[in-house]
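There are two complexes below, and they share chain A, which is joined by chain B in the first and by chain C in the second.
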Partner chain A sequence: MAVGTPSRPVGAPPTPGLGVYDAARDAGGSWAVMRGFVTSVRLGWQMEANWTDPLLFVIYSVAKPVSSALILVFMLEVIAGEAGRSFRSFVVIGSALWAFVMSGIAGLAWAILDDRERYRMLKYLYVSPTNFLVVVLGRGVARLAVGAVGAVITLAVGVVVLGVPFDIAAIDWPLLIISIAIGVVAITALAVVMAAICIQTRMESWSYPEAAAGALFLVSGAVFPVAVLPGPVQAIALVNPLTWWIVGMRDALFPGGISSVGGIGTVFREWFGHASPAPNETILALLATGALATLGANVIFRVSEHRAKDRGLLDRTTGS
Partner chain B sequence: MSAFVRREGGSPLESATWTSRQVFMTNLRTVGGRAYPRVTGMFREKSWVFFEILLPFLATSAFVFVYRAVEAPREYIGFVVIGGAMTAFWLNVIWMMAQQLWWEKSQGNLELYFAAPMSITAVLFGMAFGGFVMSSGRAVAVLVVATALYGVEFAIDQWLLLGGVFLLTMSALYGLGMVLASLFLMWGREAWHLTQLMIEPVYFVSGLNFPVARLGLLGAVAISTLPLAVGLDAMRQLAFAGAPYPEGTPAPEVEVLILIAMTVVLLAIARWSLAKLERMARRDGKLSIRWQ
Partner chain C sequence: MVVFHRFDGYRPNTGGALYSPPPIRRVLGGPMSASISAPAIEVRDLHRVYDAKPAPVVALRGIDLEVRPGEFFGLLGPNGAGKTTLIKILTTLLLPSSGTARVFGFDVVNETTQIRRIMNMVAGGEQSGYGILTVREQLWMFSQFYGLTRGDGWRRVDELIDAVGLGEQRVQRVSTLSTGERQKMNMVRGLLNDPWIFFLDEPTLGLDVSAARGIRELILDWKGAVDGRTVLLTTHYMAEADELCERIAIVDHGRILAIGTPAELKRRVQAESIFRLEVDRLDHGPGSLARLPGVLSAAAASAGELDAERQTVAVNLVLEDDAALSGVVGALSGLGSQILALRKSEPTLEDVFVELVGRGFDAQEGSNAPEAGGPDDAVQGEPAVEAHSG
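Showing the complex of A and B:
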């Protein structure tokens, strides 16, 4: 043995080579992963909300989605007046659900930027025993929760103030629960992609998640039916998991309303041969597109992580 | 002799006393120096083109399709396009002006700014200029591409007035950014949430995608307090001269006067608040944060 090289304890796993997967980091099994996740969720929540007055925090969290909904409501009111009231429910529900998407997509990317640029802790988190992706996911949960509260309150404002028809007895609970479960996974996958991008970019990428969410807004049927888009863009919308999540949530919470997918002369009808998707088709489509997004996100994150290590991006701070 | 060469003086006090030319030139250099990383950084970060130009264009397109879905008159699509272009400047003011001093404090640069022999107002002017250049690319891209793609037809009778309104709107917007920069620095961590609060809610009260006068009293308050609201309204009236506007909409000439008043008042408040902030920060030792 060379002089100065520490000896490895008997029975310990061999030290991995440079750039080789270190199994020791994931040692401890699912319990250790869960503990790491819960700790980063707590950390995220403390950073988000431990400093403020609860009322103020709620105002901050709700003003954004409610205003987004009001912009659309006024756009309809200006053009269609009374005639646009049926479409009002459609845009209020869509923009409320979108608040959740926005928070979810931005949360992970901002966690990366916060920890790297502001607190300069990303490198320490990276070398901690917990899996890096688990830490990042945990840090994003707080913003996802804030987004969920914003979405629920916007829906409540829509029902109470803006006259969105709502019947609690009409809710399709199985569809709602399945849509939420798969939808959260799909949104998290898109958030992981944004986090992977923000690991590579400079500090100015604060606005990137919102820009990406804004672009997905166009191809998700959130505030207008996908049918008004040109054919090729409709096709993109149909492979977007957010489109199916919104369809599922709309059909579950407000059955009988205008559907954002389908209609005469649409790509959906061309592909599937009927006017609008049935609930089981919605779930299948959400599952398929969500699985694709999740697998893609995992690959993209791993590639980004490897490149960041290779180029020393986890330890840099930037500014302009 | 260059303004930057150290003059020989009889005493340290005499050497430290700068001429007006030296002060002016140093501040001018500060403006250029602070604008430089923003303009240069734009060319170094290639992802900026995709995320700051292409994607916001798609977001603007979403609102165009909302109007198309309800078969709105064509000028309303033009309203959305102008609104989409102007959001570039508002986002820049919020993210890269209002938050910037607080951010510099977190990064450990703020005390260096205050220690350097330059005016902090010049630093903010530099940020504003650099930010304006950054945002202009996005605004022009949204305006040109969306106009071509969605067939927007402008009806402009008074080009000069339109240009003047745009420049005045920018002056007032970045003046507001300077005021917010010092306020956000005082509010600390809450600044982050205030940033969030100042995006969609401000878009709504500014009438980003519809004539602001439709908001009634709220619209009137917005026109008298928010440069984005009054600037957008004036530009729309000048860009779509023949379009009908809701009763109560002020004439563009009146809005020009409002913008001039806003610019003067906001720049004066910015200057005052920055000086006050500097005094407070020096007195209370708050130029840096605890862990640095």
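Showing the complex of A and C:
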């Protein structure tokens, strides 16, 4: 009997044999893709949050970004004293946003390593009909969400405790919404690149995502302006989507503050002919670099997946 | 178990209306070329070489294999034979180096999505699972990855949990399960999508006798419930292969040495029928039987005791085939001998393996144990023993 036999009428008795597809095989279409994504989001969230009680989890989730911001602020205070006050907002905002970036970039890579090495379930996820990239993306959402909560709370601590000037009426909402939307895509793209790298690596590569995020931290203008970097490194910072995302977020939430891009004698001024980026330039730059990162991430992930399948890395466990 | 019979439909409500499967073109996004008349597995000249240092590792050396729909097929071989590599290729987890492999007509390289919808796999000897989730949660998530609706997923999971006897562990965290319970849970995961073909890679490895028996019974129950369900089992347990498989391929050093039913394979090493016969007396000795038609030899064996005074007479008989036995029985009757015991002596699959390879499984185990991080069933370089052709 051909597999493509038309479906039998509703209510008919079960057909013996293999002639009819059943619901379990109805895994095609965008709805099923969404279901796979939502399920992997749920899986990721449970893996993130199930290990402890909610209160402890919240404390854990916000303690790291808040303490990172406080450390930087106190360092600034000790080193620069009164002169550093004008940079306090810059540092607090940058470190808060970076908490989100860090969680996002590391989340997918850690999901890959966790599922392969610790839970040993990656191969079973891989051979299920759901698209592998969709599963990986979903697994990372929980960490991204935790990072977002950490960032918001750090900003709140900055405003309430550290005196970061904030006026809700001054928020540039269009710039904020566009920056968040494109920024999340760009951060996810970088996370996919890290996940692709970690498919190829051994169990000991837990620290790679944080190391990579640390390298990006230097060239994103998070806690110091890009202008302080050497010229060639400034050029790298300007093609980094995270740089433009942070500029966009800063300009949208805290307009009138110090910008991390631009200034006299900077590469930005050489390229664009004026001192600092206008909002539309920020959006365009974020869009262009974000699109480039997304395209590149897709290619890199596909190549990595194929290589992993060719070399038998998808079910490799290197820890034991 | 009724749940194993409910293969091609789901009851969305208690009214009994069955789920109506969607048209196949929508499901697969294109025309279907596969049919049940296609082989469940078709492998042609399959090679697999791993890049490794200091030398490439050859795992498969030109495998040719065909498994029919509905068969329970076994791959039997020692560690390092290439069984797991073959199963990884067939389950789309690994690419072949060369050659072709198809599952129900779908190519393992280019038609992976279709294959993944009609197959599932379970491996043994591993502690896999999201330990922090409950059994039910983990299984439900996989039901979603296999495309079941939310409600159907819960129903299917509960049915299968009950069917395998994991009801009491339903809401237990996976990390608290025993090895046997965890493997039952893995079996449920493997059955969630009612696969046409079920790949089992050493599913009883590391289980105690009782748990292993439970898994074997489960597999047989599931397979027997619906015609056409196919199982490919890899094992290095001879008795397991003998008990479960309709046909077996004996694999070693990446080659298939022989394929056949267990009986056919055993006949390779023992064409004759061998019996041990015990009678109360045999006045003219075993030589009187050796002259009968169809009897190749009859030799005295160690005798037992009938009672305190008399001993029994034991004879090892080698016959051309089983039919010759009737002549022996008739002759004994004529001689006034009473048959006390008659037992047929059969070779084991291990005897077959030794005959084919020149060594037993155990001789291989130590030297080709899997290495962490490397291909787990590949052997390095050229085979140490030249395989006898099948």
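Here is the rule we use: the second predicted complex is superposed on the first by the 291 of 320 C-alpha atoms of A that agree within 3 Å, B and C clash if a C-alpha of one lies under 4 Å from a C-alpha of the other, contacts with A are read in each partner's own complex, and residues count from 1 in each chain.
Going forward, a contact is a pair of C-beta atoms (placed from the backbone, for glycine too) under 8 Å apart; a residue touches a chain by one contact, two chains touch by 3 or more.
Everything numeric in this text was worked out from a predicted model, so none of it was measured.
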Pick one for A:K309: touches chain B only (first), chain C only (second), both, or neither.
-> second
Of the two partner chains, chain B (first) and chain C (second), which one does A:S30 touch, if any: first, second, both, or neither?
-> neither
Could you look at A:S205 and tell me whether it touches chain B, chain C, both or neither (first, second, both, neither)?
-> first
May I ask you to decide whether A:M121 touches chain B, chain C, both, or neither, giving the answer as first, second, both or neither?
-> second
Decide which partner touches more residues of chain A, taking chain B and chain C as the two options.
-> C
Check whether A:R42 is in contact with chain B, with chain C, with both or with neither, and answer first, second, both or neither.
-> second
Determine, under the contact definition given at the top, whether A:I71 touches first (chain B), second (chain C), both, or neither.
-> first
Of the two partner chains, chain B (first) and chain C (second), which one does A:T130 touch, if any: first, second, both, or neither?
-> second
Between chain B (first) and chain C (second), which does A:F217 come into contact with in this model arrangement: first, second, both, or neither?
-> first
Shared contact residues on chain A for chain B and chain C?
-> 51, 202, 317, 320
In the complex of these two chains, what residues of chain C are touching chain A?
-> 5-10, 16-29, 31-32, 34-36, 50-51, 69, 88, 91-95, 104, 113, 116-121, 126-133, 137, 141-149, 152, 156, 189, 192-194, 196, 226-229, 372-373, 375
Residues of chain A touching chain B in their complex?
-> 51-52, 57, 59-60, 63-65, 67-68, 70-72, 74-80, 84, 87, 91, 117-118, 197, 200-202, 204-208, 211-212, 214-215, 217-218, 222-225, 228-229, 317, 319-320
Once bound in the complex, which stretches of chain A touch chain C?
-> 1-12, 14-29, 32, 35-36, 38-40, 42-43, 46-47, 50-51, 119-121, 123-130, 135, 202, 306, 309-312, 314-318, 320
Per the touch rule above, chain B residues touching chain A in the complex are 37-38, 41, 45, 47-48, 51-52, 54-56, 58-59, 61-63, 65-73, 76, 91, 95-96, 103-104, 106-107, 109, 130, 189-190, 193-194, 196-197, 199-201, 203-204, 207-211, 214-215
